Amino acid sequence: MATLEELAQAVVDGDETQVVELTKSLLGSGVNPQDIINKGLMAGIEKVGELFQKNEMFVPEVLMSAEALKAGMELVLKETQQGVEVTSKGTVVMGTVEGDLHDIGKNLVCMMLESNGFKVYDLGVDVKPEKFVEAAKQYNADIVGMSALLTTTMVNMKSTIDALAAAGMRDKVKVIVGGAPITQKFADEIGADGYAPDAAGAVDLCRRLAG
Amino acid sequence: MATLEELAQAVVDGDETQVVELTKSLLGSGVNPQDIINKGLMAGIEKVGELFQKNEMFVPEVLMSAEALKAGMELVLKETQQGVEVTSKGTVVMGTVEGDLHDIGKNLVCMMLESNGFKVYDLGVDVKPEKFVEAAKQYNADIVGMSALLTTTMVNMKSTIDALAAAGMRDKVKVIVGGAPITQKFADEIGADGYAPDAAGAVDLCRRLAG
Amino acid sequence: MDYKPVRTFNELAIKSLDDFVYGVAPNPVKAKNGMVIGGGTVYPEVNMTLPPMKIDESTISEVYRQYSEMIEGILKRAKELYAPGIIVEVELLPETTMKPEWGFEIVKILLDKMREYQDKYGLKSLLRCTPNDVREMIRPPFMRRGEMLESMIATFEKCAEYGADILSIESTGGKELHDEALVNCDIRKAIFALGVLGVRDMRFLWSKIVEIAQKTGSIAGGDTACGFANTALALAEQGMIPRVFAAVDRVAVVPRSLTAFEMGATGPDKDCGYEGPYMKAIAGVPISMEGKTAACAHLSAMGNIAACVCDMWSNESVQNIKLLSAPAPVAYTEQLIYDCRLMNEAAADGREYALKMRDWLARSDAKLDPQAYVLRPDIVLEISKELVKEKDPFIATKKAAALAVDVIKRGMEKGEVMVLPREKRWLDIISSQIEKIPDDEEKFWHELQKELDLTKWRPEEYDLEVTAAK
Amino acid sequence: MDYKPVRTFNELAIKSLDDFVYGVAPNPVKAKNGMVIGGGTVYPEVNMTLPPMKIDESTISEVYRQYSEMIEGILKRAKELYAPGIIVEVELLPETTMKPEWGFEIVKILLDKMREYQDKYGLKSLLRCTPNDVREMIRPPFMRRGEMLESMIATFEKCAEYGADILSIESTGGKELHDEALVNCDIRKAIFALGVLGVRDMRFLWSKIVEIAQKTGSIAGGDTACGFANTALALAEQGMIPRVFAAVDRVAVVPRSLTAFEMGATGPDKDCGYEGPYMKAIAGVPISMEGKTAACAHLSAMGNIAACVCDMWSNESVQNIKLLSAPAPVAYTEQLIYDCRLMNEAAADGREYALKMRDWLARSDAKLDPQAYVLRPDIVLEISKELVKEKDPFIATKKAAALAVDVIKRGMEKGEVMVLPREKRWLDIISSQIEKIPDDEEKFWHELQKELDLTKWRPEEYDLEVTAAK
């Protein structure tokens, strides 16, 4: 018989076919859907988060796991009548600051956050302070994340924090920053709530801040 | 006959014997002592300052010029009855900041300032803020100069500036800073009036600030 | 309008491994002041950038002051260390490219000071001017029209007219798709992004840059795949994607980067293209490379091997911040000069010793990382020899990727290169992805359309028609 | 109490120029973890320091965090680049030496992490612990008594007991007088400061350090003339004093720095002693050197030649500030590792090629600056051979200076070294100053007293009696 451990492992392996099969089998043998989610699927993606954190999984592998998870989830939600709870870890509004065109670091963080159960709104690049504020309001964000790759645009992070304060939003959201030229010291200076040196660190940071 | 130009050149050459001889000869032939000082001796030391500035004289050469100047000055002051004016360029209180033991950069600046006509009080190394304030008062200083070679002591420059302010002295003196880890930006941040990257720069800076 | 290559490369410019060495290029480039790149001497190329600061009307005078301070420090140190010559690269930022008058003013500050040092002290120097590819500023980007393109071209023109010696760019055609390919480790999309989108955009862009160079007497340098394979390199260094993927991607960028030379550029190729050795092997152009002494800008597994066949040696980019010794641009100028001195001293003892030095540089890194391995001079020649057989850049790109996989697999078997255990399966994944790519470009495009996010880029900017229904 | 040498060097440890090469020392040093310095491999030695910050009770936890971050970054990069081993140097600051418990805690943080990397990843490493010579904190300094000396010794003891592998210091005996000598370019006072004051102080201090090393199983490394000849180097680079004076001063420090080995130290000598090659030639100890890749800490005219005969290769010191790539200590770790790889690869082809590499490193700098010229391996051997004939360190110091002048003059005549026109007369000035020095130390001391400012230092701390009336 399929076990919840096997299901979790299939998520770690990013094996969508296997995840679907095992989920079906577990549902068929009457296992509690809430358990399938918590102890199988979500346990798997937690493990993925850990491995990624330790630099033992590559991004495309994490993305495959996230795909597999999604397939499993949809199946459980479709097949079961009972209410099952899938709580989002939090809502993040993310963007590259004004004047800066660099996507990929920011995109990576978005993907990794989504893979790890966050709801993410990606505002793209060259994002003006007002746009961050607007989106934070609109999506009721827990976290606003800003990325910059240029030493000449990192200074715009402060403007966004100021704009959040001016809009009375500063105590409602946590602000995190990242990108090549950013340091913890800089983050402290501009009054951000956190800094992460890479995508794995960003996931960890968001977990702590939204927790 | 000896000329004022020759005297000035003898100062530049750091040739004490020649300076004494020429000074004697000029005094003997009735040249105005004030001219001997201004157009001979001081003109020479001005030239020395310029050459040092342009990295065309070494420190020991400047020191020899200063010695030669001194000998010439003493002679004029001794031999002449008339009042002659030798104005100091300004008074500088100088020290290495608290916690820092590095002498030589600070010593160099002191020597170069003296050679260039400043009155300098060297407070030594590991100088506490209060000591800077006290000395600035006591000597009626125009300029307070601070040196630091360590990144962990440069931060003490700010304390001295604060102490000067607390003592109501901040608008009475100009504050200059220097040393390996110091930058113009740092000088601006702590509210110093000037920064010089080396001894030649320090002389130039003091000239501008005391002028 | 069609943008046709003015040259094609059907055979290698480098005929023998013994002719493949630093300092010497088959087609050296001579600058107006007499400096020859690729004529026997490796020159330092120093690149500097601003410390953290905003650029706008209120700070622009401070921006100018920064550049002025940096160039003075760099030239002073180069003079003190008796550099035989120096290349200065200024990579203009988005702000200073979008306002061509700002970029121009910076170039003027640099060139004026460089001329002063040449006149006063006999220090010869060249300025490489690299505007930012600001077409990206509008998303999805207009590649062949609009204000951004116009500003960028105006910047090239103004700077070239004032005497910028070398024109370069890190163009971004196809980058949106390539970014997506990277994080998913999807070599199919990467190949399309490079071999179709990148090549088509570079044909357009380089026809313009070469025209400006010809008009002004500047040198059309080259165009690295910085936004492509260097992003892969950075992600691999962070452990985000497998190093083997970055290695394969590096070789796959070769036909794209070669496009500049097909359109009439002459080199020196720009520093941040680790694919440079392939350019030198195929087009015979001199190349600038960066490695260990660019650790100020990025870490890499190719610190020494990158120097094997370089004609200029660069620090990529360093901010104007203070180190214990001096501003960082001055410190890195010193380091580059000493690196170059060593290579040039070895070469002064004869070709035999330059080759020894080259081989030590290669051996030091090649076995430890597949990204370094694909830069080994013999491997570069082996792969390049196959690539020049292909007329079509898309096919060549696909072939480049496949050859890279094969070479790395063979290297592993022979114990010549180490691949981490958890990366091995990725070689097979990449292989099987490549095999699925049809040889027909149109067919491939048709196939891919369904998978693409066409809100991110505009097919029409690459002469592509959307034919498939989603 | 008398502090007598336990060893004297009457002949060269290096018998032939062909045995004078990087990576190999006549008397290699083996550490507890099996690493051998001078046994064939050049290892990187990374030194890191704090960014601008205050050190006091309120910031000490941030100080610890900084060191913890730096060591993690350094070791991680060394592991990723497969360094065969790495040496980490911590130069404690005055604050962290005066409070031995702070210095100890820093050393503990470093060692614990280094042990973790050794256990987890097999990365071998050694810690060099260099307390600050805080005796200077009181002016005029007490050299052989008082709280400062006690704190410094306690720091050595605590750190050695916890397992610091190598003990070093940049001792300052005689520095007050030498500083004065430098700015006046007075070689007489410099010789007295080095050959009498420096030697006497080092005999005292190193008897203690060697004792601690023996008690704890640490290695007694060495003691550079950093406060002496490196100050001269820095002043010469700034154009404050002639380069020829700095070159002569460099050779004049040899007998002083040698004192550590006469007292029982075994090497590896500390990085910032550019006189290191003389130590290796005479005492046969392995040496750490720094050059171009220490441009983060100071500029120099010896960027390559410094590496000629090194056994470890260092960056001297770099602050924990962020570069575009990574924190600066990580970037410099990478650079050092690649530098070492290259030297080790050449040596792997045989001694013949290590010697070729050595000669290129030497040739690249030797002709351009007298400070580099006196480090040329053949010159080092030539001068060292004369120095070992002298039993008395004062006479040896005087002789060292005279030999340096002669060698530079001869080099100029032979066109082997360039001396700037306005420096030439300084060689004659220095010569005539040296000639005036009597061979009798007592007589010299008596003569000098009149010229000295004895408010700056205490003759009794050097067993000197003030005999002359001023």
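To keep things simple, chains are lettered A, B, C and D as they appear, and every chain counts its residues starting from 1.
What we mean here is this: contacts are C-beta pairs under 8 Å (C-beta built on N, C-alpha and C of every residue); 3 or more make two chains touch, one makes a residue touch a chain.
Model, not experiment: these values are computed from the prediction.
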Third chains touching both chain D and chain B: C
Comparison of A-D and A-C by number of C-beta pairs in contact, larger one: A-C
Taking each chain's C-alpha mean as its centre, the one farthest from chain C: B
Distance between chain centroids, defined by C-alpha means - chain B, chain C (Å): 51
Whole-Å gap separating chain A and chain C, where each centre is the average of the chain's CA atoms: 33
Between chain C and chain D, centroid-to-centroid distance (C-alpha), Å: 41
Multi-chain contact residues (two or more partners), chain B: 151, 181
Multi-partner residues of chain C (each touching 2 or more other chains): 49, 319, 324-325
Arrangement of touching chains [line / ring / star / complete / other]: other
Pairwise chain contacts, counting only pairs that touch as defined: A-C, A-D, B-C, B-D, C-D
For the chain C and chain A complex, residues of the former touching the latter: 49-55, 93-95, 136-137, 139, 176, 179, 182-186, 231, 235, 238-242, 319, 422, 426
In the complex, chain A residues that touch chain D: 151, 180-181, 183, 185
Chain C to chain D touching residues, read off their complex: 49, 77, 81-82, 291-293, 295-299, 301, 303-304, 317-319, 321, 323-326, 328, 330-332, 334-335, 337-339, 341-342, 344-346, 349, 353, 356-357, 360-361, 363-365, 368
Parts of chain D lying in touch with chain A, wherever the complex brings them together: 51, 322, 324-325
Contacting residues of chain A [partner chain C, same complex]: 55-56, 58-60, 63, 99-101, 103-104, 107-108, 111, 124-126, 150-152, 154-156, 181, 186, 198-199
